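Labels run A, B, C, D, E and F following the written order; every chain starts at residue 1.
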Amino acid sequence: MTLLWIPLLSLLGSLLASFTGKLSRNQSAAVTAIMPIICLALVISMAPQVLAGETLYASLPWIPELGVNLSFRLDGLSLLFCILILGIGLLIILYARYYLSANDSMPKLYAYLMLFMTAMLGIVTANNIIQMWFFWELTSVSSFLLISYWWYNPEARKGARMALAITGAGGLALLAGLVLLGQLVGSYELDVILQSGELVKSSEWYPLILVLVLLGAFTKSAQFPFHFWLPHAMAAPTPVSAYLHSATMVKAGIFLLARFYPALAGTELWFIIVGVTGLTTLLVGAYIALFKHDLKGLLAYSTISHLGLITLLLGLDTQLATVAAIFHIINHATFKASLFMATGIIDHETGTRDMRKLNGMWRYMPYTATLAMVAAASMAGVPLLNGFLSKEMFFAETLHQQMLGSMSWLIPVLATVAGALSVAYSARFIHDVFFNGEPKDLPKQPHEAPRYMRVPIEILVTLCVLVGLFPAFVVDPLLTVASHAVLGAEAPDYHLAIWHGFNLPLLMSAVAVAGGLFIYSQRKYLFQFQASLPSVSAKKAFDASIQRVVVWSREQILRIENGSLQRYVFILLLSTLVVAGLPLFEMHTLAGATGLSEIDAHNAIGAALLMIGALATLIWHRSRMIALILVSVVGLMTSVAFTRFSAPDLALTQLTVEVVTVMLLMLALFFLPQRTPKESSSLRILRDLGVSSAIGIVVGSICYALLTRPQESISQFFIGNAKTGGGGTNVVNVILVDFRGFDTLGEITVLGIAALGIYKLLLNLPLFMPASDSEGRPWARERHPLLLASISQSLLPLAIMVSVYIFLRGHNLPGGGFIAGLVTSIAFILQYMANGSNWIRARMDINYRKVIASGLAIATLSGIGSWLFGRNFLTSWFDYFDIPLVGKTELASAMIFDLGVYLTVVGATLMILASLGKLTAETPKEKVNL
Amino acid sequence: MLENVLLMVFAMIGVSLMLNLWRLIVGPSVPDRILALDTMYINTIALIILYGIGMQTQIYFEAALLIAMLGFVSTVAVCKYLLRGDIIE
Amino acid sequence: MELLYASCVGLLVACGIYLILRARTFPVVLGLTMLSYAVNLFLFSSGRLKINQAPVLGQSASYADPLPQALVLTAIVIGFAMTAFVVILAIRGRADLGNDHVDGQPRASRATKGSK
Amino acid sequence: MQHLITLPVLLPLLAGIILLLPPCGKNLVLRRWVATFMALFTLVASTLLLTTILGSGPLVYAIGEWQPPFGIVLYADPLAVALCILTSFLSLVTIVYASRGDDKAGSFFHPLAHFLLMGVNGAFLTGDLFNLFVFFEVLLIASYALLMHKKDKHTTKAALHYVILNLVGSSIFLIALGVLYGVLGTLNMADMAVKVALLQGDDIYLAKIGGLLLLIVFALKAALLPLHLWLPATYGRAMPVIAAQFAIMTKVGVYAIMRVFTMIFGEQAGELSGIASTWLWPLALVTLVVGAVGVLAAEDLRRLSANLVIVSVGTLIAMVALNNEQATAVAIYYLIHSTIACAAMFLVADMIALQRGKVQDRLVNSRGVAQPKLLGFCFVFAAIALAGLPPLSGFVAKLWLLDASYGAQVAWVFWPIYLLASLATLVALSRAGTSLFWHDHPNQDEQFEDNVYAGKRRTWALVLILAVPLMMTVFAAPLSEMSNQAAAALHNSQVAIDTVFALAKEQ
Amino acid sequence: MTEWLISALLILGGLFILIGSIGLVKMPDFFMRLHGPTKATTLGMALLLIAANVFFSVENGVINIKEILISIFLLITAPITGYMLIKSAIHHELKAKDGTKGMDNIEDD
Amino acid sequence: MRLQARYKWLPTPFRSILLFAVWLLLNNSVSAGHLILGAVLAIVIPLVIAPFRTAQPLILRPGLATKQLFIVLWDIITANVEVAFKILAPTKRLRPGFIKVPLDLEHELPITMLASTVSLTPGTVSAEVYPIPESLPKGEVPTQRFLLIHVLDLDDEQALIETIKRRYEAPLKEIFQC
């Protein structure tokens, strides 16, 4: 289980680093280094077993439902990468200590760096592909943070965003590929997948899986045509670039190719895609690198090119090529990291990375120059250095394949060309920076870097040399196990040596070196030629395309969400029409089994009034007052319909609600224009008429279909139990306060909330108050007509009496708390109208909020009360008592509930009207209780 | 006999309601329409009472009572609106 | 009778919806009110039409389905609360937006504003 | 304990009442504490309820002891209760957050927040279709009032649209109820499930109309295309702390779709089984696309978050449309994740807007925020969760989504759309983050007013809500197991029917 | 006998209501239209309600005069309705029939 | 004239009696229970809403009030028959007009009762009470009030004024002792 500690400790390291803000820079670096050192020690402690051919495992269950576990493995490939990640990581920590200026936050960089390290360690040690993806995406996130470390630099922001977008997109493709792969194989465990190569490759899904996985790998390792994010990621601090673009981030893609080699490689498709991509990247990268004036730009494209080389190697159809690929991974990591760090020093000490300004640095920093030159020579593939070895293996392997059929000879030729270009840009790196005359306008006076800043480079360059000189001794064991891990047991025999005799690869090397030097010597013409080409800025193109997408999106969204309610409602109605209308056509007959009953005069008159009223409202709707009066007719007829069809309670409710609603509408109309302007085009009117009549027909048809059908319902239960179980004879009321009292509780809550909401809406509302009516007539002066004021006083007790009557009888006869509440409210509204709100307020200082809350409280507590008797919420209780003189009287808990309803209704209705009244009251400043 | 009488009276009320509606729609002034509506309220009470007699039930009495009360209130409200605009000052 | 009833419901729905599709708050509110009449009548009809069978025990031999009546009652109350809110919201809209268009500004003025 | 199931509804109701009465009515400090603790109690009660039913199976509670199908029952299965927990938690967080001062922007914030909670929890727990309507209205009216908490003309316009659309929606709901009751003669959902299977002849089509009308209503609430148009403005314009509460409301629509179309129109429904799927699938995909386009188009962080809500709805509905247990299980996990993440983003957006002054949360380069570390961390956390990147719950959800949809015939269109939408989210969020937090002038010393700082309460709220995505990754195993259990309970409508009617037999 | 009484009351009541409504339609100006509904209709209603009282008293075997409440109510409110209506008509300066006397009695409101 | 009732718990005795009667009417019952409940309500309700009452003269001559009630009822019937014929007859013959009746009454309730009576009886509708308070300087109390009446068929203006004052206003003065 030691294995588990590696990512965990690294993660801890990230946390640890983030807390070093108060420490000195040295301490901060030292504390940060603790965890990687421990990790490295752990890795090394496990290395002997791995080198002996074992694979170590550790696993914790995580989401077993999904087949996702925290599952780790350490095989040769993982070991190799762990060492690279941790080793170079430690050097970077040291280097960054000196690189960062006093203004830059150390803990932040270290924390991000360690987070990134965790992610990388996670990828390379994962034994579950989902877990691998988990860490894969974590590298995207943490590299985003690292690249944007200097966030106030727009280049850094854009570079980070671009990197995240490209690698993020690749990550999504990869996820799709991995899930497909996992589903195909039946497991997300790497072991299983690696052993199912045949199954995978023979599956019809294989091409898709391959393409998706490769998209992930290629975006991450900056393969053409996804390479363009990498140079822009150079806006990061150099330690970050050194780490991300030598040994880690970009190598993650390569690692992925190597990791899935047993499962995915070996097919023609693999070789075509991987090989051609690698080759293209190799050439394109090397070519562009030559023209970069920015040192880091040169290194960036060189990185792209070398990654292309490794990819091409992995794509070549020989096992030795794969070995070479792994070897080059190591070599590239070492020389590229040192070159980046050297560049960092130059940048740090001179203030620029522009090779047109940098000249003759040899004199100012000979030590750094030496180190850089050795590393650059390794990059160019100069013998005795590690770069030479792997490059020669590469040349050799290009000769042994038939990837392009009859055109296969092109590969070694192009490889040589790429080699030459690589020599050329390496030569430029050396000559143009360290020699080539005197520096021009350097921002700083150059001098040698601090001692310890050079140490990491020294170590790496030493490694370059050691590997170059004693490959078999230094890297052979590691390379062997790593190759085993990639190729399986049948890894080929090879031996690493400096000298293989005079052979074709050596010739290619020689040609490359000579050609490279020649190219460099003729650079003037090349630069001129390049300058004459139209320049394509990847960043601009990327930004522009993103911008184009955003602009397009905005256009589309504006087109869809045009802010027109009429459209929104129309869409809603149209959807309704479609879903409700289509099944109607499927019906055989609309009418059901019950026959029609005849139309009597009563119904005919009612219907005629209702329909004429409705149509008249429609026709006169632009004269709002008239429309309002006409709507009252419709409302009145609706309640008549309820009386007609045996629903007295409904009729009462409809009537009372109708009056209050009309009054509210009138209150509203006071603040609104009196006429609706004619705005709709006749086409719009036709459209609206069409859709509304269509819906009307559909709803009417459904209604007709229902009415003509026999019905079986649960209602017999209510009729049967209303008296015996609910203690009342008005079944509707018993349903409301008992059988379905819960609905009623919700309903009065709605009413209460509405009142609160309306209060909110009207608070401090600046209102436009017309001084005259729509025809310009000034308002009548008399506020409170004498007769009305007088009669309304007499009516008040009468109305209260009626509401008491309606309340008390509700349980047994039509009526109840709600209607009673509205009658009471209307009685008070009449007082408001007759005498004004100030008059009322002076006489009744009731806080309506409290009335509402008390009503709700009474209703709720009457329900909760049944808990005391061990019964369910809202269980009703009633009994009959013999009261002297009065006789047998029924008392029911439902009455208490109904009282709650009554109070809520009164409170809510009066709160609404009082809020409105308050708007225009003469003394608005006065504090009002509501 | 009562049945026929009811039908007859019923016809009268029906005609009245139609006349009310006619005045309501034709106007010409808003007070005219309000007057028509108010009359309509009252005629509706008649309709409901007749219905009650016809069905021999008093269960709709409260509906009639409320129409009487509420019709008054809403007529007053509309008049107040015409006079002052603001019905609750 | 059923056909007549259904026609009334259909007509109310149509009128209500037509008004809801208007551009000013007041007709929309009127439309909503009318639509809620229609919907209440519709919901009520799910218990079928019974004459003189009010579900009050002891008043007749058989009873209309009381459940839809209770449901409609609840719906009426809720509809009232909602209408009240939307009416006040319409006032608020006029005060905040300066006009009573449902979108806060009439189409014509929006066009001129867009061209600026 | 017998009444535990009522508490997620009754506690917020009581809280709302208490908060309106003395002594809370006039004492803001007291109101804050009471509101916070009542939300906490609701959360605890819901959690207890979940542990109970995970052990004993779904619970039924007959309100008023009227046996089903006659009375109203509360039905608690793992899905419903998990969502109650989610809602209560969200309320708790927003109440704590708002207690820093947002609650003073208008009246009645705390009671309304609790009424909203009551409505949502009621909608989750009820086993009765009409009662569902009632709770929908409770939550809607509370949301209307909350939406207008802060006075601003854009909010008013958004509210007008939102309210009017929903009023039409409520009418459609009632028509649907009328049709279903007219055909089935019952309102209890379990009983409806039984009756639906027995329908014959043309009645089937009537029931179908009823079902599809319900679908329209729920789709409107869920903001499924083309009925989503109200959402961006509404959520984008509401006060963010309220938008955060609203994050659950679209999910109520999704929940209702899940409940109704797997229970009533579930597998037992014969000809009517799965009537929604044919509509849901394409609409879900279009929703996903339009949501993603909206995410890219957003010009401020709140709009962006609002569009993320749409994306999440599209994703959820796609899972619902797959109509199998595994997909439902993902939907449940994803629902919780996306609600929390979107809500968190609204809160972060609020803080950013507050601290950036005039430009608010518009995605332009401007001055920095007062607390870059805190807000930056919160933003990154929320963004990672929303973009579905490790190590937060979005990653688990994304994986599981792909896993669950693998093998479905429609995966070949769902996968690319879903992944592209994820990419759009990622790109948009990274653009948003870089323009909100990073600007060209790092060392400007700016003066910030004291009240823009997060303070203890807001920080606590942010920490609380942002801990969830992390916890959901760490405890992905038990959560996925719970989701599976919940999905199984939802899909096995026979169990629900039996549970409900076992109660009838007892009495 | 009672049936005759009821029938007579009903027909008379109906007639008055009808006449009231005819007045509403027939009269030439608003002020004159007002007379029909405020008077004839009120009386018609009273007659109808008395008919109902008689009917239900006979029907139920107990004296029943609750319908008279409606009548009382109408008697109280009808004058106020008329007053409010005529006030608003004056406010709206509705034209009275040509030759209406005493127009100068009307003051500004 | 008296504005305050004798007992504080019964501020408006006549109104309480009316309420009591209304209760019995509503319930159509004279059972003990309803008598008690009605009595309680008839006392409690006026007490509860007492704040909404502005002081008005009380009825001090109940006998006369009853007599007057029947007179008015009779007038209503005759008036209605009369109006019915006028409606059915050709409208051209009608001679409408407005008249202004100077009032001796001062308090609102009696004025209201007079106006109501006038509205319910022969061809007249009360239109307005002049002067309106808003037309007077602030705080001033009107000395002389007028009742504006619309007459459907005006024959002799003075005679009509005379009839109204004699037949309706005088008894009201007597009843309220004002």
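Definition applied: a contact is a pair of C-beta atoms (placed from the backbone, for glycine too) under 8 Å apart; a residue touches a chain by one contact, two chains touch by 3 or more.
Since this is a predicted model, take the numbers as computed values, not measurements.
Enquirer: What are the mutual neighbours of chain A and chain F in this structure?
Expert: Common neighbours, chain A/chain F: E.
Enquirer: So which chains count as neighbours of both chain C and chain E?
Expert: Common neighbours, chain C/chain E: A, B.
Enquirer: Looking only at C-beta pairs that count as contacts, which pair of chains has more of them, A-C or B-C?
Expert: Ranking A-C and B-C by C-beta contacts puts A-C first.
Enquirer: What chain is the most remote from chain B, judged by the mean position of CA atoms in each chain?
Expert: So the farthest one, by centre of C-alpha atoms, is A.
Enquirer: Going by C-alpha centres, which chain is most central here?
Expert: Located nearest the centre of all protein C-alpha atoms is chain D.
Enquirer: When the C-alpha atoms of chain A and chain D are each averaged to a single point, how far apart are the two points in Å?
Expert: Chain centroid spacing, chain A to chain D, equals 16 Å.
Enquirer: What whole-Å value do you get for the distance between chain A and chain B if each is reduced to the mean of its CA atoms?
Expert: 61
Enquirer: With centres defined as the mean C-alpha position, give me the chain A-chain E separation in Å.
Expert: Here chain A and chain E have centroids separated by 71 Å.
Enquirer: For chain A, give me the residues that contact two or more of the other chains.
Expert: In chain A, the residues touching two or more other chains are 563, 565, 569, 573, 644, 648, 667, 669, 699, 702, 706, 711, 713-715, 718, 739-740, 743, 747, 750, 753-754, 757, 761, 780-783, 785, 787-788, 791, 794, 798, 802, 813-814, 916.
Enquirer: What are the residues of chain B that contact at least two other chains?
Expert: Counting only residues that touch two or more other chains, chain B contributes 17, 30, 34, 59, 65, 69, 76, 80, 82-83.
Enquirer: In chain F, what residues contact two or more other chains?
Expert: 22, 26, 115-116, 126, 132, 135 - these are the residues of chain F that touch more than one other chain.
Enquirer: Write out all the pairs of touching chains, ordered by chain label.
Expert: A-B, A-C, A-D, A-E, A-F, B-C, B-E, C-D, E-F
Enquirer: If you look only at chain C, which of its residues touch chain D in the complex?
Expert: Checking each residue of chain C against chain D gives 20, 25, 28, 32, 35-36, 39-40, 42-47, 67-68, 71, 74-75, 78-79, 81-83, 85-86, 89-90, 92-93, 96-97, 102-104.
Enquirer: Name, in rising order, each residue of chain C that touches chain A in their complex.
Expert: Listed in rising order, the residues of chain C that touch chain A are 1-27, 29-30, 33-34, 37-38, 40-42, 44-58, 63-67, 69-74, 76-85, 87-92, 94-95, 100, 102-103, 106-108.
Enquirer: In the complex, go through chain F and note every residue touching chain E.
Expert: Those residues of chain F that touch chain E are 22, 25-26, 28, 76-77, 79-80, 83-84, 86-88, 91, 94-100, 115-120, 123, 125-128, 130-132, 135, 148, 150, 152, 154, 157.
Enquirer: Which positions of chain A touch chain B when the two form their complex?
Expert: Those in contact with chain B are residues 601-602, 605, 608-609, 612-613, 616, 620, 625-626, 629-630, 632-633, 636, 639-640, 643-644, 648, 651-652, 655-656, 658-659, 662-663, 666-667, 669-670, 769-770, 773, 779-780, 782-785, 788, 799, 802, 806, 813-815, 819, 823, 826, 829-830, 832-834, 836-837, 913, 916-917, 920-922.
Enquirer: Quick one: in the complex, what on chain E touches chain F?
Expert: Touch list, chain E to chain F: 15-16, 19-20, 22-23, 26-29, 31-32, 34-36, 38-40, 42-43, 62, 64-66, 68-69, 75-76, 78-80, 82-83, 86-87, 90, 96-97, 99-103, 105-109.
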